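The structures considered in this document are given below.
Both of the next two complexes hold chain A, though its partner changes from chain B to chain C.
Let's look at the complex of A and B:
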């Protein structure tokens, strides 16, 4: 009978550390990033932006995928991260000239990109922890609505409060990353963190609460504490994504991280498969690729002598339709919640 | 010292009261049964002891402390573990991973591996399927895994809710055979069951519940007395009408 049963290495959401599973997605991302960014400046820009999105989707995966609780609010922490790194790195002169209503102590601060990234992550995680203390008492529809309310609050604060930002304007002159390498390094670090926390004892316990909260509590798992912990980690990662986006585009505004951003990143997670890191990677790549192809068609493409021009907005419609199709026919996403293991001879020791 | 002492326990769901004046005493190492028809309030009684159902009034003293109103995750750390109805194993995880989740409720963090090894000795079939997906085990094996998972927290009192549910008669005998071995380790057990004869054959005493009330307490010798058992289980002729 034992031969009929699946071994642990074949299971979705495997909880035993395997180098192959950690290296698989990392190698795919590093190779794809260097290949695509080498095509042209435009593709380098696309790669950097996609890596920022990948980090956001990984941040969503670590909380939503492991807890089973849907959150529409993680973009609020991306907003926090984007604004934090912007305020810490935009030159003082620019702040004095463009952001004249900014709180005076914030005008005087200026530091390099790397320390600002660390601070942005810490601030994002701190706000996630504070809000998580209350929000993580909710489940299901109530959690979805409450986290959406969090997004609305963050958007209104950042969109209107000029003491901490440009209000409805754009914060300009955010120093840009010099190379695609910075984004790749950050994405790899986040992938390692997400993988390790996913296979940890607490990760396994949180997934147990997702499957059967009552049974998990009977084993001694505090659903609230576990959710707060993972919500905090997710908030820190989302803040890093917002900060990466700011250093990728050279500017930041509240609306960069609002409904469109929330929908796109959630669609990437669901289409790829929410319960695995590989799902987050595949979803990000798939949705970006579909988006780029459709963008070309929106601009007009000649195929076999026939001019095809899709109406503006076709990208959004197709991605939304793909999301619905996945939810109906493959609710576990393209990857089915499985991790991708890189099979190399020297890594395949039993 | 009495391990568990429950008095005048009232519990329910919202405004609907399901358990009336629940009471029970369990000594260390004792096996006590609770039987009764569907809807008698047996699982609610057990859930109230484990903290998954809120008690509206009454007292629950466990190992010298009041546990009424405490969370399930805190109660298991005090040494009271529950195996819920339907086993509630995590089907996507392996047998070993399921067992290790049970370590969360241990009071002492040291000796965890020894606890797992001891439980594996108690359930040899789990050793065979250690790295296999728990969801693909047979019903009896899943029930053994659920009991084993609760045991790795080394509870002083183990609560079992309908362990025979959905199992074939021979598998039921295996599962109940293990309960005696668990008792030998000094663990007290409360078993909720609909199969009265099964429980009464191994329990030092058995409470009979109907309509949310404990109607009778039967001794092991009462198990042989069909008339007494039927009267307690179904009530008098007047009751049935």
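Let's look at the complex of A and C:
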């Protein structure tokens, strides 16, 4: 069974550490972030939101890209991260006024953004480890559906259980990041982690299990252990993404991390190319750019004297169509699943 | 009590129909079709838009329209992905699903469109002390007729035999002269017809339709198809039935905690998958090795 999206014939040398593969994407992200966020306050907001999404896509990449197992469940850990950091940082007074059904010890806690981020990541990784112990026994479609079930459970619990959150309402007054720099630093740290863990011995072994599980077992790799490890890392990164989102928008609710979020981030990963860190970066930038242009058109743009206004929903139509077209004509994504190289990505077709 | 049982049966029947529609397509091409929900949605839209023409004509238009959209999906997208693996197909159908949702939003608007399809179905019947909703009876009968019809078609006709053959071993069936594209096309058409039937029941119950109309039932039916047994048509129908009946029973037994129905349902789903990854009725040809 050939699975083009997830199996790739990587060029030789990709498994060795190369400075350009790591620094290239970092430079692109840092420069783009500063340039775009300097345009206006709206674009600063957009940049921060996109960096939170980028972290999510990187989290998906580290698990899906390396293991070849499809997971719809990572948004559940983003939910955990968003709620954790929200509960830890929202001022006590607000919690007493708005979230009156909250568990008492949770009401009393309050701390700064940075320690809270660390705790959110730890909690997300812990939950990923716990669920991964069971879910990583599965592979293929069963894994896809089981992780999807995980997302549904998380959504249902967070949407209804008022002891640990606002239920169907929004948790307001989450302290915001002061500058765009915080988001940039966090995204860069995650890029380094994702790249290094990808080329580490365990990362290469996990990719070997993706290509040929039996041969990898012959090399002494425990498929289950490797997958649990990467699922845990991925869950921690997803939790960081959720937390970044909360500190970016100043509010958090269960439905922020549901099917729409899952679709967008998965589409970003596939469009960019699931098997490389660079693919996650390119996919996030491409989808955001397309979405932003179409958003302008939805609110009306004048091109050469002609008013063009696209109907609401055009954005979703185009992004979904792009996803399907990529799967049909370029199943390994825009980057072909390769890491960054100082060549234009569309010139080095195999 | 009787109402509880009838509800479980009618929910189960409805989800069984949806799951069988997904299972038919899965069987012949390993596609877990997320976009089945948008087939159900277009069926519901067509019912609401054409109901003024009279119910028989409306049914005809809705069933034909849904089947055509199903074929259109196959020709425009899935036919081009014949060599791709199940994970790629799953993501592609996710894309088709979102594409159609947004497309409906552009055509019909984001707000619900309402209309009365068959008002007599929302009434109740009284037998002494017990009252029974007419809708649940009609749903059970409709499900029995369609499941029976599908059973007859799959077990007794040549095309049905070919679908069964293709479901259990696609390559061998092809080598033995089964025309693959025809079989896959037929599976899509029948999944469209089943989607229209589900749309009919749902739209009479709810009285309105919006772009996300089919998402919920599709997620649940899809899960039913998987836990029922991938590649087995009885398994799909049975799995869908199990999911529907479980939801209905959980709803009545959880009482005030019924908001957590999905939590329990999906925990059960994960447990079933862990114990029997191939599904309740597993088909040896689809087993994947870890």
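What we mean here is this: the second predicted complex is superposed on the first by the 328 of 350 C-alpha atoms of A that agree within 3 Å, B and C clash if a C-alpha of one lies under 4 Å from a C-alpha of the other, contacts with A are read in each partner's own complex, and residues count from 1 in each chain.
The rule we apply is simple: contacts are C-beta pairs under 8 Å (C-beta built on N, C-alpha and C of every residue); 3 or more make two chains touch, one makes a residue touch a chain.
These figures come from a predicted structure and were not determined experimentally.
Of the two partner chains, chain B is the only one touched by A:222; chain C is not. In the superposed pair of complexes, A:134 makes contact with chain C only, with no contact to chain B.
In the superposed model, A:205 lies in contact with chain B only, and not with chain C.
More residues of chain A lie in touch with C than with the remaining chain of the pair chain B and chain C. Residue contacts after overlaying the shared chain place A:306 against neither chain B nor chain C. Judged by the touch definition given at the top, the superposed model places A:41 against neither chain B nor chain C.
Overlap of the chain B and chain C interfaces on chain A comprises residues 2, 4-6, 214. For chain A in complex with chain C, the touching residues are 1-6, 68, 70, 134-135, 137-142, 144-146, 148-150, 152-153, 155-157, 160, 213-214, 223-224, 259, 263, 266-267, 270, 311-317, 319-321, 323-324, 327-328, 331. Interface residues of chain A, counted against chain B in their complex, comprise 2, 4-8, 11-13, 15, 201, 204-205, 207-208, 211-212, 214-222. Of all residues in chain B, only 50-52, 71-73, 76-77, 81-82, 84, 88-94, 96-97, 100-102, 104-106, 128-129, 131-133, 136-137, 149-150, 153 touch chain A in the complex they form. For chain C in complex with chain A, the residues that touch the partner chain are 32, 77, 80-81, 83-88, 90-92, 94-99, 101-103, 105-106, 110, 215, 219, 222-223, 226-227, 230, 259-260, 262-263, 266-267, 269-270, 273-274, 277-278, 288-290.
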